[in-house]
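Next come two complexes, and both contain chain A; in the first it sits with chain B, in the second with chain C.
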Partner chain A sequence: MKSKILMSIIVIIFSIVKLQAQDKYITRTGHVRFYSDTPMEKIDANNNEAGSILNIVTGDINVVLLNKSFKFDRALMEEHFNENYMESSKYPKSSFKGKISDLKSIDFKKNGKYTVKIEGTLSVHGKDKQVTSDATFEVDGTKISASTKFTVTPEDFNIAIPSLVKDKIAKMLEVTADMKYEPTKK
Partner chain B sequence: MKYGLLTFIALCLMMSKISFAQDADSLLLNSLVDEPTTYSSATFKSTRVINGQSVQNMKANQLDFRIEHRFGPLSGGAYQLWGLDQSNVFFGLDYGITDRIEVGVGRSTYEKTYNGFTKIIILQQSKGKKNMPVTMSAYIGTDIFTLQWPDPTQTNYFSSRVTYIYQLLVARKFNESFSFQISPTVIHENMVQYAIQSNDHFSVGLGGRYKLSKRVSFNAEYFYQIHTNLPGITYNPNSLSVGFDIETGGHVFQLMFTNSQNMFERGFINETTGTWQNKNISFGFNISRVFSFTKK
Partner chain C sequence: MKKIHYVLLGVVLAFVICIAVGLFMYFKPHKNISESKPDIILKASELFKAFETNETDATKKFVTGDPTIQVLGIVDEINKNQDTTATIILRNVAEYNGCITCTIDKSQFTKLDKFQKGTPIIIKGQCSGAQELVEKEIVMIRCIIVEK
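Here is the complex of A and B:
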């Protein structure tokens, strides 16, 4: 009797562990880009070291990245971004914590492209902002890719633009994210 | 009873597994981006502390066009417009070959001197997996004065015009506001004024900056000359400078008050003639404009 109960407990625990392993997909090389276009200046920053976890059962999406990993064409622009605008030594990371709103519309067992809405909180420069955006999920066997695009402003995150350079930075910044998820190996 | 207890334990284990999983989640997420080593950057806003070199280099494919200007001393009074009537000019180009190796050339009005140098970052301050408390650079330069010889009938050697400068620049960015640098220097002049003098001049530079805002810092610099007191030789005063660095996008403006009117190492370290006590203080500025040549 006791051994039967013990066995059933062990089975329950193992099944939980197994389920969790299949829930989560991660990437360490997520791509996040922000872009500003003005007649005076083009700013194109790319971060190819974003980390993200996607939970296909709950629809939770978490993205974290190091601000210092944003690469610019011009080293001086990168230095000014880190020193004067993002203040990366005070705020080393930016993150997104959100969910796929209509999770049921994606069948993760079936290959194909799915368009959904994601919503969540974007935390940059010490400030949070609610963001909703359309996202495209592509399922290809055990690989899941996701991409999204939305706009934010520097004011949303208390990033001060001095009047001297305000013509060089667009009012709206275009943010793009591409993630290629792989299942977590357990 | 026993089943109840066992079910309860099983439920507890299930719950703890779930909450443990959530903590593991954030740990996992953070581990994905934690950088093992963070290198410090922007120890100084410019490649010069004030007169002397700083550990800051131009990054690869970046060109710095510098114009430096020192007016005459304030002690000149109203007639000389407190020094504004006189001027000493330097202009130069500093170029980053790689992020760690920089070369530069320049020309000063003082003795019509041309100079060239290379500055190499040997150690970079970092924290984390690799810990390095300081940034250390080596500076090797040459200057050649092209002023005509006062006595052309005498045998004048070209080599007498040449001076070599060797500096070790050691700096630490203590925090976002404060950086400090020590620059032991050896200047070898091929021709010196007095026969009993050594051709080698030793000095130590002390410089620092304190950031007042994101784009403005207060800088100060002092070069202490180490010399053995030889009879009959008067040594020049040490160079002391204070000023502000103002950064505006692609330019860095360095405004200063200094007792040195010359802008290359031999000129300000060894050949400063004025003193702060005698109000031989000159207002001056450095303007640095950075151009980027990145292949895209």
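Here is the complex of A and C:
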């Protein structure tokens, strides 16, 4: 009897360990874009190198990216973004740390599209901000893709826009993120 | 009377030059990586080691001022991205837990056929730094594949 209990405990422990190994999904090529549109200027910056981990058991989502990986149409915009606004040499990274708040509404075993809420902390320019946003998760076999869209303001992150260019940068910047996750190897 | 003309001409000229310089700055193109000579040539493992040893120093050397960097590495993965780019992952860094990701655009796709997991590759691009999730990852952007 005792050995049976012991055996089942061992089996449970092993299965938990094994499950945990498959809980995590990763991408190194996440797409994060921010967009600003005013009559004076359109700004469309894209980062295809964002890294992200999704844990489907806890619902945790982590995203990190390098500000210098944002690509702009114009070289001068990119220079201003890195040197004047984001101060990329001082604050090279931006990140998001959060979770899916209604994790139960996604069945990761069943293919389909699910709309959920995510919440967490966005860290940009050395400053943190709480954000909540709707996100769409699509489960397709072993692949999971996630996308979300929300708005931020430069003031949220202590980024001062000089009055000379105030009309060229929208008050609200639109941020979109698209992640195509795959199960972590090993 | 004549003096005023000269002054006026001077002012107009200065104005035109200012506008020309302004426009030139505004429409300044991105650095042409394929035509620029590499400022730094090294192996993937050397680049990785530099970031592993001292990230601040490595950032100063490889990121600040956007030098053109040429890296020799071994292809681990090639992934087509959601837009018109692809990412080549180099993993010639046996003793380190990490990789180098290099983003190329559509113009490089025709060269991709020659490469697969395990083939050596020379990539020229700009480094935007190191980020870490489960492992350290050096990011290279605006990359082109250098043909021998």
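Everything below uses one rule, namely that the second predicted complex is superposed on the first by the 169 of 186 C-alpha atoms of A that agree within 3 Å, B and C clash if a C-alpha of one lies under 4 Å from a C-alpha of the other, contacts with A are read in each partner's own complex, and residues count from 1 in each chain.
One rule holds in what follows: a residue touches a chain if its C-beta (ideal position, glycine included) is under 8 Å from a C-beta of that chain, and two chains touch if they have at least 3 such contacts.
Quick caveat: nothing in here was measured; it's all calculated off a predicted structure.
Colleague: Quick one: on chain A, after the overlay, do chain B and chain C clash, or do they fit? Just give me the call.
Modeller: When both complexes are placed onto chain A, chain B and chain C end up clashing with one another.
Colleague: Thinking of the overlay built on chain A, is A:83 touched by chain B (first), by chain C (second), by both, or by neither?
Modeller: A:83 sits against chain B, while chain C stays out of touch.
Colleague: For A:165 in the superposed arrangement: first (chain B), second (chain C), both or neither?
Modeller: Touch partner of A:165: chain B, not chain C.
Colleague: Looking at chain A, does chain C or chain B touch more of its residues?
Modeller: The partner with more contacted residues on chain A is B.
Colleague: Return first, second, both or neither, reflecting whether A:5 touches chain B, chain C, both chains, or no partner chain.
Modeller: first
Colleague: Report for A:71: first if it touches chain B alone, second if chain C alone, otherwise both or neither.
Modeller: In the superposition, A:71 touches chain C alone.
Colleague: Figure out whether A:46 sits in contact with chain B (first) or chain C (second), or with both, or with neither.
Modeller: Second partner only.
Colleague: Can A:62 be said to touch chain B (first), chain C (second), both, or neither?
Modeller: Touch status of A:62: both partners.
Colleague: With the two complexes superposed on chain A, say which partner A:28 touches: chain B (first), chain C (second), both, or neither.
Modeller: Touch status of A:28: both partners.
Colleague: Under the stated touch criterion, which partner chain does A:93 make contact with: chain B (first), chain C (second), both, or neither?
Modeller: In the superposed model, A:93 contacts both chain B and chain C.
Colleague: Run through 4-12, 22-30 or 202-210 for chain B and report the one that clashes with chain C in the overlay.
Modeller: The listed stretch with clashing C-alpha atoms is 22-30.
Colleague: Which parts of chain A are touched by chain B and by chain C alike?
Modeller: 26, 28, 49, 51-53, 62, 64-66, 68-69, 74-76, 89, 93, 184
Colleague: In the complex formed with chain B, which residues of chain A make contact?
Modeller: So the residues of chain A in touch with chain B come to 2, 5, 8-9, 12-13, 16-17, 20, 24, 26, 28, 49-53, 62, 64-66, 68-69, 73-76, 79-80, 82-84, 87, 89-90, 93, 162, 164-165, 168, 184.
Colleague: Give the list of chain C residues in touch with chain A in this complex.
Modeller: 25-31, 59, 63-64, 79, 81-83, 85, 87, 89, 99, 101, 103, 128-134, 137, 139, 141-142
Colleague: Can you tell me which positions in chain B touch chain A when the two form their complex?
Modeller: Touch list, chain B to chain A: 2-3, 6, 9-10, 13-14, 17-18, 21, 25-26, 28-33, 35, 38, 41-42, 59-62, 99, 176, 214-215, 247-250, 290, 292, 294, 296.
Colleague: Which of the residues in chain A end up touching chain C in this complex?
Modeller: Per the touch definition, chain A meets chain C at residues 26, 28-29, 31, 46, 48-49, 51-53, 62, 64-66, 68-69, 71, 74-76, 78, 89, 92-93, 178, 180, 184.
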